[in-house]
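The structure appears right after this line, and notes come after that.
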Amino acid sequence: MSVDTSKVATSNRTTAATTSKPGPAGSLATCADDRLGLATVMKKNLRKVFPDHWSFMLGEIALWSFVVLLLTGVFLTLWFNPSMGHVTYEGSYDQLRGIGMSESMASTLNISFDVRGGLLMRQMHHWAAMIFIASMMVHLLRVAFTGAYRKPRELNWVIGCILLLLGTLEGFTGYSLPDDLLSGTGVRAADGFLKASPVVGTYMSFLLFGGEFPGESIIPRLYIVHVLLIPGILLALIAAHMLLLVYHKHTQWPGPGRTEQNVVGYPMLPVYAAKAGGFFFMVFGVISLMGGLLSINPVWKFGPYDPTKVTAGSQPDWYMGWPDGALRIMPTGWETVLFGYTISWNVLIPILLLPPLMLVILILLPFLEGWVTGDKRDHHLLQRPRNAPTRTAVMVALMTFYGLLWAAGGNDIIAIKLHASINQITYFMRVAVFLGPILAFWITRRWCISLQRHDNDKLLHGYETGVITRSPDGQYAERHLPISTAAAYTLTARDRDEVFTSQGDTDAAGVASPNSRSEKLRARLSTWMYVHNVQKPTAAELEEAHHHAEHEAELTSGLDHPVDGHQFDDHRLRDTDDVPLRDH
Amino acid sequence: MSNDNHTPVKHDDSHVPVHAAAEPIADPGLAPHTWRPTDVDPRAEKRAERQIAAMFIAAMISAVLFVVAYFSFEVGDNWDTFAGMGASTVSLGVTLGISLLLIGVGIIHLARKLMADAEMVEMRHPAASPPEDREATLEALNAGLDEAGIGRRPLVRNTMLGAVGVLGLPAVVLLRDLAPGSTLDIGKLATTIWEPGMRLVRDVVGTPILASEIEVGDLINAAPEALFPTEENGYPELEAGDEQVQKAKGAIIVVRMDPDDIIAMTGREKWTVDGIICYSKICTHVGCPISLYERTTHHVLCPCHQSTFDLADSAKVIFGPAARPLPQLPLAVDEEGHLVAQSDFNEPVGASYWEREKQ
Amino acid sequence: MRVLNRTAGRLSRHRRGPLAGLAVLLLGLLISGSLYTAFAPAQANNQASETDQVAQGKELFLASCAFCHGKNGEGIPTVRDGYQLGPSLIGAGAAAVDFQVGTGRMPLASPGAQAPRKPVAFNDEETAALAAFVASLAPGPAVPNESDYSIEGLSETEREEAISRGGQIFLTNCTACHNFNGSGGAMPRGGYAPSLHGVEGKYIFEALLTGPQAMPNFSNGNLSPDEKRDVIAYLGSIEDNPEYAGFSLGGLGPVSEGLFAWLVGIGSLVGAAVWIASHTTRSKKSKVNA
């Protein structure tokens, strides 16, 4: 089955490639190289190999929606007026005509109602922002669940986490700009958060707002942060993220011929470039359809911001929902006055401590894991989530924590849609955010371990054919058949877990070793991480199991109707070299 | 290594995994390349070509339709509608979306069906530089540092670091005028525009409120009269920015309940007018305006984080994250029977802040 | 059905269709005709019929309402979980009855915080009789006339002003519970402020006037009748507006938007990624000239 790939055609051309006279593309390349000397770099990278798997394209959704954000955002800046100057609206929207508002709200209404395509672009920009952050998150989960953040990619993980933070801040500054009732309510809550910061909070609030809330400075200040500062940093970090990706080469799933030393896939030019480019158009297209068909943030219904007005369902955009949920489920009255100074734990904990703590935990994950396992090797082969049960369970616990807080942030909508009581939902969440993650951790870890067992069963005893045989003495049994070599190899292409053991409290000379305490902790954590994991079978165990299977086959071969079961599946077709796969 | 024979590039032996020998199953190597119908069947190839071209042509048509829609559907004060929706937005979004999707699907179809799809193998290299490069770089670094001599001259090094560090001060100080001059007076948080004798007016319309016209169960979203200056009441016009600031602090809710239901706090017995009671509208949690009032329970709920206050019982917090009751505005009636404030609030309104108790 | 419609954003143009004049004429004839038939013969025994109506109302009241509200509408002040079993109706007025019974909220299926709207149990005549009976107990708000809650009688400019003023009053007094879109919102302990979509102007006016269930009232001393009318006009006008931006996703704000971003946006794009990376069909044949 092994193939010499150097002899397999890598092109669909029917004639051999020759170094004939360069075509127009070639002469352009020559012209450019004369001046820029790009050929040395491009020689490696034009045909750089990228492995193909759907889960490797999630980050691309984020990248392409960022491009859509840049395009639609530039369009919006042509009309948007980030000023809190007071005007009377005289535009096309009847219900607000004659109402006083800020110029930023008036120009937002102008973009929505008097610029053709303006409403579409506003909505595309907003949907793209929601998708941008959502896809960063899905991408982050993929990277974490497959262990792609291990050495040498820890730094890229850190960059990714910072991108997520910046994307969130970018979203907040963006949805605050129209100065409508909902965004103003959000800014007012943000003012409350700032004021809850100990010692400097009040001054921070005054400096940000240019005096007392709301003042006349916040929108222009948020605007410059939104269109210049954060996008600039985002662009730089995205570039670094991608450069590191190219430098490290993409991780890949283990399989026949796919090892830690190589990367198997399609070349950048043409297949990968076409798929990535095509995906850009698809992301753009989906966002256009959403922008045209699904209403988002109808600012005209909220009306201009007025600090005396409020609406039911005042929520932030989804990515701010979880700290908002944490705010909502804080017990009543957590505020202390210490030496005459007020400390608002009810805001401090959920907004100023919890989100930064979660970010730090996220950033530290690969380093913590590396420290506990003591693994200093480079990893380019991904792990299936089940083969790292503790990591998977930790991630699911974090997701559960996040998800419960997220739901708490929508408790009023859940209450009306499910005919429940907000009070009951809140009481439930106060307990569930602590118990839920523990339960999720335990269930996930056990689940992973039983999946590992199932994999070993398949390796040792084959897969369940669904064929029931009856022995002469009337006993029924399901026939198990061996899986293909390729499938079996893929299942075994993973490392055995090595529990870290402490070297003991003292060194050879009897002196207490300086790191003994942390070493012991490390050993304990390593044991906790690995102790229940199921390891892949050894060669001897496999041998033994196959021997047993052959023995059974021999016993049944004497029967009247020897059934090997393979007539019911396509294994015969798949396992032979001459007929590779069935044509569907 | 079992897969040596099918990798075209030479191998870096230092990266052979330690456990390779102990692997239970040997790597069978890459599966042989197999052809697609489009590779071996000219008809399938032609069909794919036609499909892809059709998608690109349809994308062109959709893009042209976008232009048509742009010019044919009106926006502004006379929107064309399409099935009850704004025709312009919907048609522009749909035509643009379809055009983009068809281009995307076409290109990907091209990649999947017609571009060469033999998998290639590329060898990885360790992320670290080769040891000789590393050594050379370290050497250069040390040589550079040595020639600079900074390490040998701690006085120069420390004063230089100090100078650069102190430069942080101007950078921070420069931000001081984000709130220029007296606008940084945090003492302003303690007071609002309310003053003794100022009339309560209905928000939006600005009309004064006759105590006798208010019924039990009424909720009035009210404001200080100074925010609705007229020639009659003589209050000065406020600048737009200042007006928002005063609105943000001065907003109130007025409710009337059965006077027997009110559990007045000591010292606040005279703050109500015949069951009419008035509180700040600004939540003490993070400052959302609240007016989700239930007349049956006298509870008012904040829509942002569900803090619930009992207006009959000095607006004590009975649920949700808030820690302090809503500030109460002492009420009286003037000679015409209109509701007026006895004074400003006796505590800062809105969200808590560090210096709150000091003011 | 015409799918593509040129409707007007400006309010006045709604009423400028080519057939509008004819329709108004016909409607006018119809109304004056029916008014004549309704009132002309009744003139003589008006007094008598009012007494009859109160008597009929009392009969209905005793059968359907007295269990909770007492035989004379004095209420059964059983306080349970903070709610009265049946509040006193003395002084509730005809408007309250017309709202509660006319929207099917009363008779209540079971006592509780919420009285949901449901199919009406009484016909118009019976509702009017019940209203007359309750109004006879003590003076209270009367059922409003159409001119109270309709802006039909105003000039075009006045209407536009009424609508934008109504919007501001709505955002100040109503959206806190009923949401910016009138989609409704959650209240403490399982209560909710109902959706205002498709609620007749008369009922909105009556609800403001009488404060049904937990809702505070907005009596005429609080929100003048004209201001109530403006709110109703605003709500009518946003219902008349096209959905400028596509499907409104329930008009619930960022929560439903987030749900759609994940389900539709991420859902379809991950689906696309699966398709892009999936393996294509393979042929059994080999390429001859490979």
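Here the chain labels run A, B and C in written order, and each chain numbers its own residues starting at 1.
Heads up, the rule we're going with is that a residue touches a chain if its C-beta (ideal position, glycine included) is under 8 Å from a C-beta of that chain, and two chains touch if they have at least 3 such contacts.
All figures in this text were calculated on a predicted structure; none of them were measured in a lab.
More C-beta pairs in contact connect the chains of A-C than those of the other pair, out of A-C and B-C.
When every chain is reduced to the mean of its C-alpha atoms, the one closest to the centre of the whole protein set is B. For the pair chain A and chain B, the distance between mean C-alpha positions equals 20 Å.
Chain A and chain C have Cα centroids separated by 44 Å. Each chain gets one centre point, the mean of its Cα atoms, and the points for chain B and chain C are 33 Å apart.
Looking at chain A, residues 9, 92, 94, 113, 119, 123, 275, 278-279, 282-283, 286-287, 290, 292-293, 306, 308-314, 411-412, 422-423, 580-581, 583 sit in touch with two or more other chains.
Contact with two or more other chains is made by residues 34, 37, 39, 76-77, 86, 89-90, 93, 108, 117, 203, 221, 289-292, 303, 306, 319 of chain B. Shown for chain C are the residues in touch with two or more other chains, namely 9-10, 168, 172, 176-177, 185, 187-188, 193, 243-247, 276, 281-283, 287, 290.
Listing the residues of chain A that touch chain C in their complex gives 9, 14, 52-58, 60-61, 92-99, 112-113, 119, 123, 127, 130-131, 134-135, 138, 181-182, 275, 278-279, 282-283, 286-287, 290, 292-298, 300-303, 306, 308-318, 321, 410-413, 415-416, 419-424, 579-584. On chain C, the positions that touch chain A within their shared complex are 9-11, 160-161, 163-164, 167-168, 171-172, 175-181, 183-190, 192-193, 234, 237-238, 241, 243-249, 251-262, 264-266, 268-270, 272-274, 276-278, 281-284, 287, 289-290. For chain B in complex with chain C, the residues that touch the partner chain are 34-37, 39-41, 76-87, 89-90, 93, 108, 112-113, 117, 202-205, 207, 209-210, 212-215, 217-221, 255, 289-297, 299, 301, 303, 306, 308, 319. The touching residues of chain C, counted against chain B in their complex, run 3-10, 13, 82-84, 165, 168-169, 172-173, 176-177, 185, 187-188, 191, 193, 211, 213-224, 227, 242-247, 275-276, 280-283, 285-288, 290.
Those residues of chain B lying in contact with chain A across their complex are 1-3, 5-8, 11-12, 15-17, 19, 22-34, 37, 39, 70, 73, 75-77, 86, 88-94, 96-108, 110-111, 114-124, 126-127, 175-176, 178-180, 183-184, 186, 188-189, 203, 221, 223, 240-241, 244-245, 247-249, 251, 281, 285-292, 303-307, 317-324, 350-358.
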